[in-house]
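For clarity, chains are labelled A, B, C and D in written order, and residue numbers in each chain start from 1.
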Amino acid sequence: MSTAVLVFQASGFFLAPLLFGVTNKTKAWFAGRNGPPLIQPYYDLWRLLGKGAVYSETTTWVFRLGPPVGLAATGISLLVLPAGGLTSPLAFNGDIFLFAGLLATARFAVVISAMDTGSSFEGMGASREVTFGALAEPALFLSLSSLVLVTSQLSLSGAIASLEWPLWTEDIAPVFWLAAAALFVLMLVENSRIPVDDPNTHLELTMVHEVMVLDHSGPDFGYILYSSSLKMWLFASLIVGILYPLSMASPWSGGLLRIAGIMLIGVAVGVVESIMARVRMVQVPRLLVGCMVMGVLGVALAIAIR
Amino acid sequence: MNLLLLALGIPVLSGSIALFLYARPRAAIWSGISGAVAGCGIGIVYALQNVSGQAATDLRIPWQVPYGEFHISVDPLSAVFLLAIFGLGLLTAIYSGPYLLHYRKEKSLSASSFFFNLLLSSMALLVVSRNGILFLVAWEVMAIASFFLVTFEDEKPEVRNAGWTYLIMAHAGTAFLLAFFAILGREAGSLDFDNFSALQLAPATATGLFLLALTGFGAKAGFIPLHVWLPEAHPAAPSHVSAVMSGVMIKTGIYGILRALTFLGPPPAWWGILLILIGLVSGILGVLFALAQHDLKRLLAYHSVENIGIIALGMGVGVWGLSHGLSFVAIFGFSGAMLHVLNHAVFKGLLFLGAGSVLHSTGERNMDRLGGLMKPLPVTGATFLIAAAAISGLPPLNGFVSEFLIMYGSLKGALATEVPVSTALLGTFVGMGLIGGLAVACFAKAFGVVFLGSPRNGHAPKSHGEPAGFKLPMLALAAVCAFIGILPFVAIRLVLPAASQIAGEEGIRAATDMAAFSGTLGRISFGSSLAVLAAVCLVLLRKALLRGRIVSTGPTWGCGYERPTTRMQYSSSSFAQPLLAIFRILLRSRQALHPPVGYFPRSGGFRSETPDVFSARIYRPLQWWIERMSLKLRWLQHGRVHLYLLYIFVTLVVLLVWRLRF
Amino acid sequence: MVYAMVLLPALAAVLAFLLRSEKPQRTILVAASAAHLAMVVSSFVSLPPPGLGGWLEVDAIGLVFIGITSLLFFIASLYAVGYLHREVQASRSPRSDFVEGVLFSNAPERVFVGCMLLFLAAMSLVTLSQHMGMLWVAIEATTLASAPLIYFHRHHRSLEATWKYLLLCSVGIALALLGTFFLAASASQDSTGRAASLVVSDMIKSDGVIRGQWLKAAFLLLLVGYGTKMGLAPLHSWLPDAHSESPSLVSALMSGALLNVAFVGILRTYQVMVGAGEAAFAQQLLMVFGLLSMGIGVVFIVGQTDYKRMLAYSSVEHMGILSLGVGIGGAAAFGSVFHAVNHSLAKGLLFLVAGNILALYHTTSVRGVRGMVRLLPVSGPLWLAGFMAITGMPPFGTFFSEFTILQAALSKGYVLVSVLYLVLLGIVFIGMSAGVLAMAQGEPWSQPVKPHSEAVLAVLPPAVLAVGVLLMGVYPPQVLNTTLHNAAALLGSGR
Amino acid sequence: MVEVLLIAMVLLGLTVLGSNRVAGSIRLVAVQGAVLAVLLFVSRISDVTLNLIVLVVLTIALKGWAIPWLLFRSIRAARVKREIDPFLGQTFSLVLGTAAIGLAFALSGALPLPHEAGSALIVPVSLATLFTGFLLLVTRKQAVTQVLGYLVMENGILAFSLALGNELPTLVEMGILLDIFVAVFVMGITIYQISREFDNIDANNLRELNDMTGDQRRWVRRLKNGVTVKEIRGGM
């Protein structure tokens, strides 16, 4: 395992919060404010990790288990992804399923810890989270499987590594576009960004993720924020991995370019959040079904062309 | 072989002793349990010796009845199921002690403990029998024993109805099996399994037999739409019985199908695709109906339907691979299916035991009145959580491993360049994605609503606590969940020989490749254990961070709402509502929504109930129609002797004219 | 020996008529039936020599059926002792019957015992006689001997049942007489009209000269005639009434022995047909009647509100199975004879238990009976066991016989027949289980619930039968097995 | 000679069908029995054996005397009303009877006598008498008249035994006669009991034992008060 791999794998864990910073900056720029500094998320994390904690007396150890498990699962699933286009140390045939499985584990952990509080708000959040999760899972499978079918590679690293420029010239290119688009929407849903949910509101109305973590405080909340930023990063790097066409001689330059790409995704999210309004809760499932349709199209194309 | 005979005999023997201890419930129970434990213990040892399939020996004892012979033998396939039966049997037997003693005032327990042991022995006999008649006998004895176990509380009408439904479905299934074996017997000239596997069947015959087996065994396994008895019988039965029935008894149907596959020669591809379709329907509808239930045990019952669906998917992938000569795919499918059989036995058994302990301590099955049981029932809660995560197919637990095998197999199949891509295979793992997601939702609901938060009916449950007889089995099962999840490459050794046995000779070669493949499983276990490790570290880190800081407790933050009551918690209905709304069209659940009106609403409410579509739309009308028809003909017996004489006369004349034709 | 099997019960009957007091009559009943059973068992060991110049002979078929009859009768006679005792206790005071409360009395006990013994004598004669004419005489005799038994409880419903039984069976059997004459006509050797033997074995030998048309007509008449007695639909109309109104042990005998005995009549005729090479003709008709009877049985079992009538219709159904089995032929013939044994045991068990139920609950309506398992610790389980036996669940013998028939049907390629057979059996199971389980399980209407102690003579006989039918499935005795196979061979199971 | 007697049997059967008096029909059946006995004698006139004599005498004794006596006794005890009220009027049943005779001749066409021992008329006549008996059984309400029907049937059947010459051994024939006698005897007793239970012997009252559902019973009751067939189908 070369140093490059180590560096880039590690970079994900270090740079993930920065992605939020980028997004917020973008939004601020659109709003004409100058907004919080780019590294604001790091401040937040630091502050939270430094705080004490308040626990509701209805809760049990399940509540305290949620954040660490969620963070751990998300982190490992990030390790499964190739970083900077380099095969990940955890890569193996079928790691797609481990990747998805770990994400599901993280979701499960956070959801039950939310339900442990017995608050109707967090129950509601949990209910919505699992609802969207249940629909997001097959969409994710579809878009990933279209990649697998095109590249005949059973591991994420393999699949992404073999998506190179020549493929883009062939007529299977739409498959990548579709997969990328689906993943982008999935990213918005999974990280409950606009147009699915507004991370800044604290009104009961529309919250999915935010409302689940109302009762978490101190380090626990820090864990949660960090793991959600990791999740964001993870989707972004996946999308970049698909769209990034070049293959460089030196791994370093390639990796750096990819990181830049990820930051661009962050900007894109910011743009979306500034120019779009939040859709009504009942329409989110349609959004996800839209993802599935894209996935199905991708798979169909892939089959048709093979 | 003698070990096996002991394992078969001891439970029945001790059960019969229990039968004679009619008047003394305690003695009856202990005699029954001790026999079951001893028998199962021996059985487990024997099964473990035989999973690799070296020491396969026959035992043949002549039997007077027509076509009958007492012929038993053990091959890897049998051994896998024996392992499940004896393993779960042992633990549930221990559990049954304190559970049944609860009832010793009302009723005699000897019958129950006799039939429980009889059920265990008959299941074991079923999977080792090598003669059609012997098989059918074991099959029906199993059905009868489980019927009497289900109707343990026969004073309740709903229990009686449940038992009746179960009996009817079981018998209907058996009718197909009678035809199945009769035709096989015609082809083979005897009802000995060895002759069956030697058969060279015509394609038409093979297809007919396959469909018969699929229906007959499917009724026991609970494929939709033959599943209607499960959601009735499992809630009605005592929990240790539900655990055995759902954990292993319905798997005898799976065993039957796998065994049948070894008779019917090389399968055409569409058998596999049919199995995959059945699997998808059962899996998705099963989990959706489960999500819609509010009765904890009913929910679990529907989840059995879902898991049977997953197993069917595995078998489908296997058959597909077999038919295309992709033995690698076949191995993945079959080993995944069989590992899932074991896994489901473990976590579904555990879940039902947990539900039993909830029932035992609160006397309540309706989740909308439960909540906050984590505090009074810590062990039950913890183990239930593990089982819930496992059944949702989450790493690092065992459910994930078997589902991984199946999905990976289907992906391999889809990538195989020799054959055109099969949409069924893509459907398999995309469908399994959906099933997994829904399962997460469903068990977040089941676990969260029952064990977390605070009791919904206001007052804390009057807990009878958890007897040691409950804790031990549940902890053991939870440990197995974790073990298989963390060390999958050990578990897969249990099922590989059996899988390769079904996949045929080249299957055995592929099995050796699989041994190499267990490297991949090693990666899984590496990733999983890494995750566990990371979680532990994070917990420790938090401990370290919080050392010396203020860690206070307060009420749950209600967004400024001052007087939250426990009735305000999300109920199981409201938790499931968004998903149910999406799949309304399939579920046809009845919903009663009373939204709060006005500025100071007095009350509001939401209720939803989801009866089984199939029993409501198919079975009940059919039954009604039969009764109607027979009643219409009742006037034939009108009581007038003159007309009776006329019947005779007319019959005579008709026969004379018809047969002597002039 | 063959004479003794007939004459001993007959003489005992006469004795019973003459005696006045009750106790010796019961002693005679039990003693005579025990002796009869002993004789039958001994003839299982070694066949006794034929009598009346071959008119009376114990062949395999006869042996099977006289075996059933004698065993069942012995058990019934044991039950009868307890039953009559109960009856005497009950009829000290004028009693009103359960259904509509009219007062009634019993027939004198000597008539009952005497007719029972005559009944046995007549049935033995049927199973033994090889001569078609004598067979007819014997079968008619069974009707006459059993009619007074039905009318033991003297109220108008039992009277109605008796009348229907008498009239319908007599008329039917009269047709059988004409059939016998036709048989004789068909068997007549030559134009001089020299006597042609009506002994079955001779007729089988003298094939070829038997004229087909007459033989066919004869078979039709005999089938209709004895079919009426056997209870094949649509000739079964008398059966549910007679079975539901007569005392339970009589119902047990009628269903378990009498119907079989009528079946023997048909089997004899069938033997002749096979001998004359007309097997196909007979088989088709037998299959038609078999399926029809099963169908009728189904129709009236589903939703049946009277459990004795339910059992009666199940007899119709099983008679259908018997005739279907013979009709299919081959291995099914064996299955059919085997099934006759199993059915007799199971049905006897059920009717005897039904007697116990009636004695406790005072009603024959299914709705009136709840929670038997709680109230009757022995009869309740026996009732369930009988139900499983009669619906053909393993490990009871019925399962094996029914499966044998199915196997034969499929191997002969009768797919449609097999499908109908399975479907009908399935629906019967649904219908019976609904009633039987409702009776056995649940909370009894009567409170408080405390198990009754049951008389030994009330539960031992059915228990013995239960063991018997279980034994048929688990380990059928070797000697019986061989006898059954010989019987099947007589029915040309080869072809 | 034989033919004449055979024709007489058929005619007697028809007369029974036509008669509207119970006592009268009993006598007619007795006469028919006697005719049968004579037929028996005449048809075997070639070799008269002791068996034959006994048989003939026994037949006359039973059919001509004992059975009628039994029946008269039971109807006197049961105070039967003299008229027969059949389901079908006498005229119509006569028409049916004639049709039955036609059917009988048609059937006998398919059954050529094995040999020329008896007259060609035997088969049709016996069948015709059989059918007549059946008609009586089906169309007559009273128990006694049904017994008469049974007897007529038996006469028809026994008439056929003439066709066989002496193929049935005497022992069997005796047994048959005895059976018939006992049957009628038991029936007589039963009739007596019936008359005690229900103060008439209208066998039509014996229909309490049935499996009809409630509304079917209702429909049958309305059927007696006359409804169209269409309605019945609606009801069943």
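Here is the rule we use: contacts are C-beta pairs under 8 Å (C-beta built on N, C-alpha and C of every residue); 3 or more make two chains touch, one makes a residue touch a chain.
From a predicted model like this one, the values you see are computed outputs, not experimental measurements.
Undergrad: Indicate, using Cα centroids, the chain positioned nearest the centre of all protein chains shown.
TA: That would be chain B.
Undergrad: Which chain pair shares more contacting C-beta pairs: B-D, or C-D?
TA: C-D
Undergrad: Between chain A and chain C, what's the gap in Å when you average each chain's C-alpha atoms?
TA: Computed value for the inter-centroid distance: 78 Å.
Undergrad: Roughly how far is chain B from chain D, going centre to centre by Cα mean, in whole Å?
TA: 67
Undergrad: Give, as an integer number of Å, the spacing between the C-alpha centres of chain D and chain C.
TA: So the centroids are 29 Å from each other.
Undergrad: Roughly how far is chain B from chain C, going centre to centre by Cα mean, in whole Å?
TA: Centre-to-centre distance between chain B and chain C: 44 Å.
Undergrad: Tell me, which residues of chain D touch at least two other chains?
TA: 110-111, 137, 146, 203, 206-209, 211
Undergrad: Which chain B residues reach two or more other chains?
TA: 631, 634, 637, 641, 645, 656, 660
Undergrad: Got the chain C residues that touch at least 2 other chains?
TA: Answer for chain C, listing residues that touch two or more other chains: 163-164, 167, 171, 213, 217, 240, 300.
Undergrad: Quick one: which chain pairs are touching?
TA: A-B, B-C, B-D, C-D
Undergrad: Can you tell me which positions in chain D touch chain B when the two form their complex?
TA: 87, 103, 106-107, 109-111, 134, 137-141, 146, 203-204, 206-213, 216, 219-220, 236
Undergrad: For chain B, which residues are in contact with chain D within the complex?
TA: 631-632, 634-635, 637-643, 645-646, 649, 653, 656, 660, 662
Undergrad: Name, in rising order, each residue of chain D that touches chain C in their complex.
TA: Interface residues on chain D, with respect to chain C: 110-117, 126, 130, 137, 143, 146, 150, 153-154, 157, 160-161, 163-169, 171-172, 175-176, 178-179, 182-183, 186-187, 190, 193-194, 197-198, 203, 206-209, 211.
Undergrad: State the interface residues of chain B toward chain A in the complex, per the touch definition above.
TA: So the residues of chain B in touch with chain A come to 371-372, 374-375, 381, 385, 389, 392-396, 400, 403-404, 407-408, 411-412, 414-415, 417, 421, 423, 426, 429-431, 433-434, 436-438, 440-441, 443-445, 447-449, 451-454, 519-520, 523-524, 526-527, 530-532, 534-535, 537-539, 541-542, 545-546, 549-559, 564, 566, 568-570, 574-579, 582.
Undergrad: With touch defined as at the start, can you tell me which chain B residues reach chain C in the complex?
TA: 63-68, 133, 136-137, 140-141, 144, 151, 154-155, 157, 160, 163-164, 167-168, 171-172, 175, 178-179, 182-183, 185-186, 623, 626-627, 629-631, 633-634, 636-637, 641, 644-645, 647-648, 651-652, 655-656, 659-660
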